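What follows are several structures.
Both complexes below contain chain A, partnered by chain B and then by chain C.
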Partner chain A sequence: MTAEKKKVLKRLSSALYPLGAAAFIVVLWAITAAAVGEELLVPSVGATFRGLWQMLTEGATYAAIGGTIWRALAGWALALVAAAVFAALAILFKPVKKLFAPLMSVMRSVPTMSVIMLALLWVTSGQMPLIVTFMTLFPVQYSAMVAASEAVDPRLVEMAKIYRVPTAKRVLKMYLPCMAPQIVEGVRSTLSLTLKVTIAAEVLAQTRDSIGVGMMQAQSFLQTDRILGWTVIAIVLGALAELFVTFAAWAARRLYAVGERA
Partner chain B sequence: MLSVKGLELSYGDKKIFDRFDLEVGDGEVVCILGRSGCGKTSLLNCIAGALAHGGEVNGTERGVAYLFQETRLIPALTAAENVRFAVGHLYADRAALNAEIDRVFSSLGIDGLQNRLPGKMSGGQAARVALARALCHPSDVLLTDEPFGALDVALKLSLTEYLISALKARPRTVLMVSHGIDECFDLADRILVLGGSPCRILYETNIDEPRGERADIAHRAHKTEEIKRALIAE
Partner chain C sequence: MKKFLSILLVAALAVTALALVGCDDPEQPQEGYTFVIPDGAPALGAVSVLNDVPDGIKSVEIVPSNTISQRAVQSDIAIVPANLAANLYNKGQDVKLVGTVTHGNLFVLGTSDSVKTLSDLEGKLVYSIGQNSVPDYVFRTLIKEAGLDVVQGDAAQEGKVTVNYKNDGSEVMQQLVAAKKEGKDVVGVLAEPAVTNAKAKGMVELFDLQSLWQTRTGADATGYAQAVLIVKGDVAKDKAFMDRLIAALEGNGAFVTEHSGEVAGIIAKVYPQSSFAAQTFTAETLERCNCAFTTGAACKAEFEAMAQAIMAINGQAIGGKLPDAAFYYEG
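Our next item is the complex of A and B:
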């Protein structure tokens, strides 16, 4: 067999694993639905996808998806920017880092529910999921960035100092490339958390045009197939977001590499 | 000339250097021997400007090339990028820098490795890239801290050979911390044994024969004995 053929086969087989996993879930689901035999408790795979299809023909579904994406993305991006600013301060100034450490652990351990309850009193139901998403993600992203900076070898820092490398060059060519893989990983791992938190907050805030309210309404009308339909939509959105970040990181690496070697 | 005058350095209550003086002439190679922790690396770091200290250091206005114990290459940058990172800001002309990188790489036998990442190199290749980085520095002052310590004997010998020929082609003012007496005899114009607390020069000897013709000089054995005695006596 040629090396080329082997490569193609390897690619194909690596694509088989996620497909296999999906097939496993569907089979398990079908067996469970058949065993329970009650569409209200566990709707069959067919019924769920019929429900999902029905949902996709309704304009309200897209309004809800759009609203949720907007809130999740805004909360996530705000947290990312704020975390980057605070992390930069903490990395450059040791006392700031020490000051932030207890604040961040407090923020991390505050239950999401108490943030939701308080935010319900303070802001409108449209803003609340955004605030809650921000509050939940900010400390996580901050910690990921500070941890990434600690992964930069102090011996490299000393080398740059001895060779009197200008600060801007140190940041661009040493700190950022050394931190980038960990930052991307940290950012990617918060994406699925973002959707979970945003949707939970939407349920409690009764936010208009949101996946959360869509789920809640489906639940109160005992439309279990639609709850699962919304779940499938949320999973697909999460997967798309992760793909997007992976692609953005790849594109950034390519651009960076081309700029450097030119 | 590289000169250190009245160097003062303390770690907590412990005085490492107390009015320590040292002069290294232009183009002179000085090797330093001494027990671990006696202050050899600290001396290099003070000269390099990596450690805050009292006293004066002169002759480093153009910066120093530094060869570390480890390679200290940035894993995200290729070999050539690593060199450009460390010395690029010292060259006005980028083409001249790239030409110098290519010249040094080819003389070190690592031509073609310019675009390789450190993670994809062997230990010997990475050591050569680190040496190339130091040799591309325009300064005539080279500080080295047991640079080939972790390599196998054959590689260590070939890199030492290369350093000798590089010094012949372009004389540099070298201060080299070493653990090997033989290595010192091969490279040095002067050998110092440091020790004591605070650190001072315990023994000093000049090697007058030209580098490369020292394999069987008559007094080598005698001097080796003296160096050993100075090292052990402390």
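Our next item is the complex of A and C:
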């Protein structure tokens, strides 16, 4: 076998793993559905995808998907921006970092449910998922950024201090390039968490035009196939979002590399 | 080694999944039927049964109301919201409607008495319980028939009735209390026994939805089919048992009024985490919960009126069509 052929085979087999995993899930699901034998409790694979297909022909489905994406993205982006600002302050000024440390660990350990319960009292059902998403993600993203900064070579930091490199230059030329890979990884891994938290909050706030309420309605209408249909939609959205960030990071790296050369 | 490990893991997963499927099998050796009741007002419709379980029932369970659809599928006898009963039947479940256990306990309250007629609700924000269930359909039917438009939202809209759904009565109460403090004029749809508490906190009772519904249908009795009793087909054939069950439930209305002080305790004994556990109800409050059992022709007429009203708003709630004659139990 030639090296070339081996490479192709290797590529092919690595594509087989996710397919195998998907097949495993489908088989397990089919067995479970057959064992339970009750469409209302565990709908068959076929019924679920028929339900999903039906959902995709309805305008309300897209309104819900749009609403949820908007709330998830808004909460996520707000948390990202706020985390960036706070992390920048913490990285540049050590006392600030020490001051934030206990605050962040408090925020991190506040149960999502208590944020939800309190938000139910204080804000409208449209705002609630956004706030809950923000509250959940902000400390996670902040810690990811601060942790990334600790990976920057301390000798480099020392050097910048000794030579009094201006702050803007330190951030742009030293911190950002060194931290970027870790930040991108952190950002990507919070995307699916974002979607989960947003949908949970939507269910409890009964937010109009949302995947959460779609699931809730499916549950009250005994449309278990649709609950699973919504789940498939949420999984696909999460995967698309992660793919998008991966692509954006790749594009940024190329642009950056081009910029460096120029 | 790695391969072996992954095979082992897959096998473990499969075994777990199968075990999960298998663990629903009841292991109780006793003969008899299982009976599930959702927590909240529907439980008030079966206090006499909880207090003195008729022969032939092996277990009576009160379950959180959001799990009742799944539990009803797995049980022989269940109390369920009217829409769910029709939906189960239309989805091919072998169930029969035996009777209505509660005929409505819904009231519209306001932070002030500015609303005198249903049309005054135009431009108002209404906090409501029970989205996609009986309270929602009763309120929307009455509003629609008063010639008003219903929209869903967080803030009042000019020319519309804006409904904001909450998970339970206490969430509605929180909004009403907050609005009253800020001097805002908002409205809430609440169910007894929460209505009594709300009035104690200064809210004004505006409408009794049960009597508005009676005016609408012209029926002899007040109210509508809210929570109903369904049984599986083979239970319905067990004539002797059915007579015992119906007799036990027919005693409920009188039992609840006579033993008003014990009602919450009887429910809490079966289900300690019940929302009613720490409360004491007066006979007046319980009377407003409308928990007299009806069966036969009266129940059928009442149920059909409800099913038609739901059909006019969202047929999916009852499985897309009105249930046919085979759905109704004939004693």
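The rule we apply is simple: the second predicted complex is superposed on the first by the 242 of 262 C-alpha atoms of A that agree within 3 Å, B and C clash if a C-alpha of one lies under 4 Å from a C-alpha of the other, contacts with A are read in each partner's own complex, and residues count from 1 in each chain.
Criterion: a contact is a pair of C-beta atoms (placed from the backbone, for glycine too) under 8 Å apart; a residue touches a chain by one contact, two chains touch by 3 or more.
What you see is a predicted model; the values in this text were computed from it and never measured.
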{"item": "Partner chain(s) touched by A:Lys173 [first = chain B, second = chain C, both, neither]", "value": "first"}
{"item": "Touched partner set for A:Leu12, first chain B, second chain C, both or neither", "value": "neither"}
{"item": "Residue contacts with chain A in the superposition, chain B compared against chain C", "value": "C"}
{"item": "Which of chain B and chain C A:Leu156 touches, first, second, both or neither", "value": "first"}
{"item": "First, second, both or neither for A:Val165, with chain B first and chain C second", "value": "first"}
{"item": "List of chain A residues in touch with chain B within their complex", "value": "153, 155-156, 158-166, 169, 173-174, 177-178, 180, 260-261"}
{"item": "Chain B residues within the chain A interface of the complex", "value": "45, 48-50, 63-64, 66, 68, 70, 72, 74-78, 81, 85-89, 115, 137"}
{"item": "Touch list for chain A against partner chain C, complex", "value": "24, 28, 31-32, 35-36, 38-41, 120-121, 124-127, 204, 206, 208, 216-217, 219-223"}
{"item": "Residues of chain C touching chain A in the complex", "value": "10, 13-14, 17-18, 21-22, 66, 69-70, 73-74, 84, 87-88, 91-93, 131-133, 152-155, 164-167, 171, 174, 178, 316-317, 319"}
